[in-house]
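Each of the two complexes below includes chain A, the first together with chain B, the second together with chain C.
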Partner chain A sequence: MIGEPVLEVRNLKTHLMVKAGPLPVVDDVSFSVSAGETLGIVGESGCGKSMTALSIMRVLPRPIGRIVGGEILLRGEDLVSKSEAEMTAIRGSRLGMILQDPHTSLNPLHTVGNQVIEALRINDRRGAGGSLPARAVAMLKKVNVADAERRVHAYPHQMSGGMKQRVVGAIAISGAPDVIIADEPTTALDVTIQLQYLQLLQEIQAETGMAMIFITHDLGIVANLCHRLIVMYAGRIVEEGTVRDVFKAPSHPYTEALLNSVPAVNRKVDRLYAIDGQPPKLTQTRVGCSFAPRCPYADDTCRSLAPSPSPGLSGSGDHRASCWKQERGA
Partner chain B sequence: MRKRPFFDGLPVISLTILVVVLVIPALFADLIAPHDPYKAYLRNRLEPPLFFGGTTEFILGTDRLGRDILSRILHGAKYALSISIVGILLGAAVGTALGLIAGYLRGMADAVIMRVVDITFALPSILLALALATLSGPSFQLVIFVVIFVIWGYFARQVRAETLVLREADFVARARVAGASDLRILRKYILPNIVNTIVVLATLQVGVVVILEATLSFLGIGIPRPTPAWGLLVADGRQLIVSSWWISFFPGLAILLTVLSVNLLGDWLRDRLDPKLRQV
Partner chain C sequence: MSDEPVVEVENLSRHFAVSRGLFGGGAAMLRAVDGVSFSLARGETMALVGESGCGKTTLARMLLKLLEPTSGRIRINGHDLEGLSGEALRRFRTDVQAVFQDPWASLSPRMRVFDIVAETLVINERLTRTELERRVHEALTAVGLPLDAARNYPHEFSGGQRQRIAIASAIIARPSLMILDEPVSALDVSIRSQIMNLFKDIQDEFHCSYVIVAHDLGTTRFMADRLAVMYLGRLVEFGPTDDVFERPVHPYTQALLSASLPLDVDGTHKPIILKGELPSPLAPPSGCPFHPRCQSVIGEICSTQEPRTTAVGNAGATVACHLAEAAGAPSAL
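== the complex of A and B ==
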């Protein structure tokens, strides 16, 4: 059930202020995500996926990370202009986040039960009934932690990675957030647990109707889990659309290359496909399309003028790509 | 096969010496001291210790005014212990708080705090104490102030270094995105994870503080006379060190034993509390 847009990001620009000068790690990024919808953000390492997430949560690395432009509207309220105290109240209760590595995401000194209780206590918006320990057990049951009554007393080192990630999930949804951002939550888990965890996220989403932003570089997960997807490259969105449209008709050469990089199990190949070259260094001033140096279709226009997103691909207004060569294959 | 340590009893011996030389005298000096530490037995001046021609009346001998050295040492422990405890608690509190702020906030706060630490390390503390003593006269408070001034920087540096590591820890990031405030993160996530370090550092500082207090008293800018602070007792025997060596020797021995055992204990504690060195 996809409902109203909950989170709208408009022209977000985030810089990291390093010695060499400001690094535009997120450059003019706009998207929205609706209640009950899952939005995938994909791209290779360093493309700005995580920085986009940290910008939304307003937890950029201090003191060097800075949002220098744009708006982040959570149900119409601009988060960019919120004070740190206001953001502290919003984080956890209206915006939740699941981090990549469950093994290091929990405080080693406290039992998992106490960490869930802490989250329940700080993020309680509606004053739900029941004692905190009982609600912590209920939260753990909700994320399918077996034997939750006993496990609340366990320390993180006594649990497996999958269990810990469930606890992290329980903490993230403890405040019943409108939006949950999952930053590669299954990368550190083994494959069988990955699937279980993704199913769990889907169940929770179906139950609560929260919007989900799923950051990954696993296109298989995107295909199975997400409704729409954004492809990022060098801090910019190069293509966006519904999963069906983008997978069927990738309109940016980078997306095409990413899809080609996924090894197919039903074909025997000698060499796996890899995209030549490296992503551009963000310290360089960029002229033209960022992907041009690695793009097989690039010409002089691509190298001198930055393309703007053109909508209306695949016969819908939602699928757009920033490329001069969209008519290439069609 | 893991080799047994050469000798396991070291911390026990250190602790015993510490309790016998410092803690028991500090707490019960009034009960166990054979004489009043201020009372001058003028007929028994410069009496040597037992086994060196002295009597059981004054086991460790007497000083120029005929005061019992043993009683004065026992009473002196009070000052050594109270200055160590108060000074280190305050110094550790100041240093830890500023170290946490510097390491967690980075940026300007970090730069300012750490430069102040550098400055305090560069300033000769004895000269500072001398200057302050000429302004306000020697006092207990002055000694505490100098102790805080000398040791807080060690705590600030160490705590900042560990905070720098911990603030990047995933569980701190997770706490932040779960809505924990900065204060809560410092209190519940960072401080508990560096308590070990603070305890070890505090233990190792006891030696530093005892020496510092003795030095200040020896120079006459610490605890004012005629209080029997250990440094003062050593200073008392300065001119008679050749003829009546016991006046300086026994207080000096008390300082040596205290500092040595507290340092050994601190080293042992550090090895025990460091998970990297702890054998499973």
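== the complex of A and C ==
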């Protein structure tokens, strides 16, 4: 069940301060995610999806990453203005994160049990019953680690990638977070294992009602897992809406191109749809719509003026696309 | 052009001795590729699919003669790879080329594009400078790169363009066979289709055959004429791509194909979610290696007897499953 919004991002702007000047890696991004809801963020490398996640967690690369504007409201509290100490208390307890590579996100020198216990101890709340080792075993069982009583004593290198990612999941949910951010959590896993992991995330969400932000480039996963999605291009949101609305009626030419360029598994085609050119470099000064140089519909307006989100496509209210084509059509 | 297959693989195996643990304790045998047979016709594309540890990369490396088989035979254009040496080996090295996954790692950062692309010809053929330049320009044009790219270094290019450089350096020798190991996995979605279309164009122009290793099934469906599904070193199913996609016989193929989630928002796709993890290739399960995870176990036979490779239909398709054997199909091998 989808409840009230728990995380609201408003006009977030994040820059990377490099020699050449500030790079606008996240540029005026706004979205919200509700309890029990899964929001997909899709886009190609460099589009700002991971930087958005790192901004929310306040773990941008130091010293060059900086949030230069906007608000990140977690149940109404602005995370941008929190001190480092306050953020440390929030991370892991109210915000959980699962990263792409389970081989690097666990400490090779400690047993997985001790790493789960560490997370449980940090997030300990009054009233939690049972000894820490017993609760660690319970957490591993919750993420379907087979033979949890024995595996709790294993080191990460003794486990497969899929098992390790389950342990990472156990650590991420150990503090019963409001929001979990999963950044390409299944990209490093084999397909049959990926499917098991996605099912697990869905089960955990159904049980705990947590909100989830799922960052991926795999549109098949979005179609099957997410409720809503935002499509990012060159640091900006170009389209957002429910998965159904966006997939059935993609309204930004980039979204349309992305959907078209996924090779179909269920039929044979002679030629794939390809988007010409490449995503812009962030060092380029931006005039007009960032996608205009690759867009088949672009005209002079597109090349000179940046479009703003036009609301209310496909009838359901929250389907928006930032495209002059939409504004003209409206 | 003769009708003889480009690649013939017969009962091919490659085993590795792996020492167990820090203090030895006896070597275990890892059967990375185990009794694999298939053949590939000229101008066709075969895809090797399967999960990590299934042996697809080991098989690809044997086809490139970067790794010697433990047993079995590989013939490419009628020549047995075993004992190939001297002039014959040199010819093989130009005739069979490879494109690898990561164009950041596969191109030397210290060489100009011209030298990267020309290298095979410089080593293997005596050409005049003018002739060499002509061939490099021809290759760059075929992959859609501007001719002045020849003067630049790889770091000046994006991932998609780097992969084009890698392809140019492979096609310059006009190979009859190219081994493509995850050739688009490192690229962005919008760039992938450009490169896959390019592979098709090159095949039309140069009539080469491809063996492509890929885990993305959409890529496979688009590129391949034949599909070889591997699991723990065994070829579990082999056949024309469209047939395998539309009527997969082996339960593993069925699960693998269903695990690729389509862009379907109506919830009609019901994936088969397998039980358990991939077993360690060091200790493969008894009988059929897939039986502990299989959704269609038919009985004790699955855990005690290894299934034979059985012919299915008459398009040269094979499957290794007791279910197919029980269905009364004649044994192929």
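FYI, the second predicted complex is superposed on the first by the 321 of 330 C-alpha atoms of A that agree within 3 Å, B and C clash if a C-alpha of one lies under 4 Å from a C-alpha of the other, contacts with A are read in each partner's own complex, and residues count from 1 in each chain.
Operating definition for what follows: a contact is a pair of C-beta atoms (placed from the backbone, for glycine too) under 8 Å apart; a residue touches a chain by one contact, two chains touch by 3 or more.
Given the structure is predicted, the values throughout are model-derived calculations rather than measurements.
Once the two structures are overlaid, the count of chain A residues touched is higher for C than for its counterpart among chain B and chain C.
Once the two complexes are overlaid on the shared chain, A:E118 sits against chain B while remaining clear of chain C. Once chain A of one complex is fitted onto chain A of the other, the partner contacts of A:G92 are limited to chain B, with no touch recorded for chain C. In the overlay built on the shared chain, the residue A:S160 is in contact with chain C alone; chain B does not reach it.
In the superposed pair of complexes, A:S105 makes contact with chain B only, with no contact to chain C. Of the two partner chains, neither chain B nor chain C is touched by A:P307. Once the two complexes are laid over each other on the shared chain, residue contacts for A:A264 go to chain C alone; chain B is not touched. Contact residues of chain A toward chain B in the complex are 57, 59, 62-63, 84-85, 88-93, 95-97, 99-101, 104-110, 118-119, 122-123, 168, 171-172, 174-175. Interface residues of chain B facing chain A in the complex, by the touch rule stated above, are 105-107, 169-171, 173-182, 184, 188-189, 192-193. Contacts from chain C toward chain A in the complex involve residues 51-52, 158, 160, 188-194, 196-197, 200, 215-219, 221-222, 241-242, 245, 255-257, 259-265, 267, 269, 271, 273-274, 276-278, 293. By the touch rule above, chain A contacts chain C in their complex via residues 44-45, 146, 160-163, 190-196, 199, 217-221, 223-224, 243-244, 247-248, 257-259, 261-269, 271-276, 278-279.
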